[in-house]
Amino acid sequence: MTLTHFDAKGDAHMVDVSDKPATARVAVARGHIRMARDTLDIIAQGRAKKGDVLGIARLAGIMGAKKTADLVPLCHPLPITKVAIDLTLDADLPGVQIEATVKTTGQTGVEMEALTAVSTAALTVYDMAKAVDRAMEIGGIRVVLKDGGKSGRYRAS
Amino acid sequence: MTLTHFDAKGDAHMVDVSDKPATARVAVARGHIRMARDTLDIIAQGRAKKGDVLGIARLAGIMGAKKTADLVPLCHPLPITKVAIDLTLDADLPGVQIEATVKTTGQTGVEMEALTAVSTAALTVYDMAKAVDRAMEIGGIRVVLKDGGKSGRYRAS
Amino acid sequence: MTLTHFDAKGDAHMVDVSDKPATARVAVARGHIRMARDTLDIIAQGRAKKGDVLGIARLAGIMGAKKTADLVPLCHPLPITKVAIDLTLDADLPGVQIEATVKTTGQTGVEMEALTAVSTAALTVYDMAKAVDRAMEIGGIRVVLKDGGKSGRYRAS
Amino acid sequence: MTLTHFDAKGDAHMVDVSDKPATARVAVARGHIRMARDTLDIIAQGRAKKGDVLGIARLAGIMGAKKTADLVPLCHPLPITKVAIDLTLDADLPGVQIEATVKTTGQTGVEMEALTAVSTAALTVYDMAKAVDRAMEIGGIRVVLKDGGKSGRYRAS
Amino acid sequence: MTLTHFDAKGDAHMVDVSDKPATARVAVARGHIRMARDTLDIIAQGRAKKGDVLGIARLAGIMGAKKTADLVPLCHPLPITKVAIDLTLDADLPGVQIEATVKTTGQTGVEMEALTAVSTAALTVYDMAKAVDRAMEIGGIRVVLKDGGKSGRYRAS
Amino acid sequence: MTLTHFDAKGDAHMVDVSDKPATARVAVARGHIRMARDTLDIIAQGRAKKGDVLGIARLAGIMGAKKTADLVPLCHPLPITKVAIDLTLDADLPGVQIEATVKTTGQTGVEMEALTAVSTAALTVYDMAKAVDRAMEIGGIRVVLKDGGKSGRYRAS
């Protein structure tokens, strides 16, 4: 088994997708940022009253999805047709659960866009809460669903 | 305790650092991407022979650090003076360990640049290996060292 | 009536346009920048002889149209197929009248691209003339024509 | 009087500021977006309950300020040290009043950054409300205060 | 014969390609960077052992191709479907030969993308070797093949 | 002699310049684009009358200089303080001669910015004239002067 991002000589290239049909694609990625319970409380209070950390992280994630091909070197540029990001306070973590859904009609999938959205949203939560908690940790970033294209449907077990 | 990224009304702003002196700053962040053992083997073989996944992820991480203020909404733009990224194959994980060191002489710290470098490098590994392994997971992204500025030295316990 | 950029919970998202057909779209936006008569004269002389403020503003506007999805958070990225910008000296204003026409074949309209083109061209005129006139004012930025897509033709009254 | 953005031959250049000292700079710009009263009511309700148009426009404006040198061709890149944006519902307009304050310590002023922040915030309000009101109009974009640098303090009359 | 990038008044515009069919397009561009023989030897040794100048230049070229519409003012944004870049050490030059192949399915050609890829790869080689050789020279950047679209096949003689 | 962009293991990094003093820097780069005599005539006529190819290329070069750190992977971001670009019609070439001068006060030099400015200006001339001449060739891109920093003054022989 070989990595498609390298040619026969081992040189990196952006894979030729010219002959693939443009089909409807969707990908869902998840991740989280773990923090001290006090930090979670501060974010939760702000949400209710003022200082909307989750709203800002959501927007950053949406804009991050649009920058994916600029960040990931061998990623194809794609005209995204939908991005939605769910951020949920999770008292058990404690921290914030993040889920991003991205769609396109294109020749390649949108897993990277969904992962980049989650990752950018998590980095933004870190940025906004770092003055009160430096020990936050971002993790669990993975694809949970991918559909469209000839490789078919993938759902994380 | 309040979040400095919001003013008294709860509105987000880019914090005023005009009156802070420009001092030498350093931040180190870590993270990893976990994968199937077979995926690790493919990457390891490529490293030795051809198809340098880690080299490409390193470069993506360095370039990602330069895009931090573009990705993270309330982050100050900073003239980075150093970025180095270590990617190590870890057979126990199994996967790749990532560590980024960023320096600047500026009015704010470079934690976000170090975290963005790690995150972008991890996303790039995912992109390059996703054709053989969709279940990879990015995690453990955190600041392990931060120094410079009036808040002093922080080392993760 | 509700704003489509928010979901049922009130969270912002990039609206799903996956199921909309790609149709021919056009939008025309207008705006102006008002300035002192002396400033207008300096620009007018430069146009004839040297120092082409309008030419530079036109180019900035065209390039600005291509950055729309990067500037406006919930805007879909679109493959623009035409941008033309008219800048006219208006002695009565006094100032510069700006009109931008943008076309695409896509799933959403190009009003935002046309408005961003006008706005960027106006900002560029301000930048180039601000050394002689700080009191210039940008205004009248609006959509005057929009066509294509299921909402049909709109022409400002 | 001549435009400093052109040299003796009339060719555009980025003005040489190498010999200017880096001083504390501030600029405040204002603008507005006028809309139907019904549109204002929808935005006002969302603010209270869900669908925070003003919060999203504020963030877009802050990020827009960071893109100024990328949008305005002859503008110097500057390390911004503060951006704050006030958006106020104005029932008399009716519409939204926007004010942006930008600071830096640098060799040139930040008027363009403040104007770009206002302009980007206004474009974002348009984008979010355009499904209910196409006739909105952006205007009144001007510098109201500028201080720092050898040209001294400017306050709009 | 006239330049299509200008309208009847001589004003620059992004040419209207709305009515052109989206067809398969390919372009191949070439160029080189000439250097001292010692510099070539250092790069050659690094390739074999460590310090992969060509690998980094290749990646920079691929990412550069994706930025073409951002760099070249009147260039249409295009969803690239393939980028491959060959860098070859040429002892006779002495220096590095560069060839880029770019594909898309679109309404305009991809010559500019191929030329930008070559140019960015060459600049990156310069950057990496400039500490040992300031007299390197980039040249021979040209289109060698272009196909697709109504103007048909072009092959450099 | 080794390449400073690689560490002891041969891994690429952005070189640490934290301890270098910020000094006044200047770099001048040159290049050209060769074309058919007829193409040169068309550009020359446009310059006099309408369709200012050189003015647009100049602006593209200035904006390109600002994107250098985004294009060249290991390049440090720098606050440029001056960019000027001279484009001259050369009947003997035949074609266009390009010279870019860039200044900064910083910890590293601005050769890459000057080279990127020349390269982007040349690509833009190609783009604007390619409809009438596909065989144009970009060449002679080199540093002719560099000053400031501890390595001192360099002037191409």
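Labels for the chains are A, B, C, D, E and F, by order of writing; each one numbers its residues from 1.
One rule holds for everything that comes next: contacts are C-beta pairs under 8 Å (C-beta built on N, C-alpha and C of every residue); 3 or more make two chains touch, one makes a residue touch a chain.
From a predicted model like this one, the values you see are computed outputs, not experimental measurements.
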Shared chain contacts [subunit D and subunit F, defined touch]: B, C
Chain pair, B-D or C-D, that carries the greater number of C-beta contacts: C-D
Homomeric contact subunit C-subunit E: same or different residue positions, threshold half: different
Over-half contact-pair match to A-E, picked out of the listed pairs A-B, C-D or D-F: D-F
Centre distance in Å when subunit B and subunit E are each reduced to the mean of their C-alpha atoms: 30
Where subunit A and subunit F are represented by their mean Cα positions, the distance between them in whole Å: 36
Computed distance of Cα centres, subunit F from subunit E, in Å: 15
Two or more partner chains touched - positions in subunit B: 11-12, 52, 55-56, 59, 63, 67, 70, 73-74, 79
Chain contact graph, described as a line, ring, star, complete graph or other shape: other
Interchain pairs in contact, sorted by label: A-B, A-C, A-D, A-E, B-D, B-E, B-F, C-D, C-E, C-F, D-F, E-F
Residues of subunit F that touch subunit B when the two form their complex: 7, 11-18, 69-70, 73-74, 76-79, 106-107
Subunit F-facing residues of subunit C, complex: 52, 55-56, 59, 63
Of all residues in subunit F, those that touch subunit D in their complex: 24, 55, 58-59, 62-63, 65-67, 79-86, 103-105
Touching residues (chain side subunit D, partner subunit C) in the complex: 1-6, 9-12, 31, 38, 42-43, 46, 49-53, 56, 59-60, 63-64, 67, 70-75, 111-112, 115-116, 119-120, 122-124, 126-132, 134-143, 146, 154, 156-157
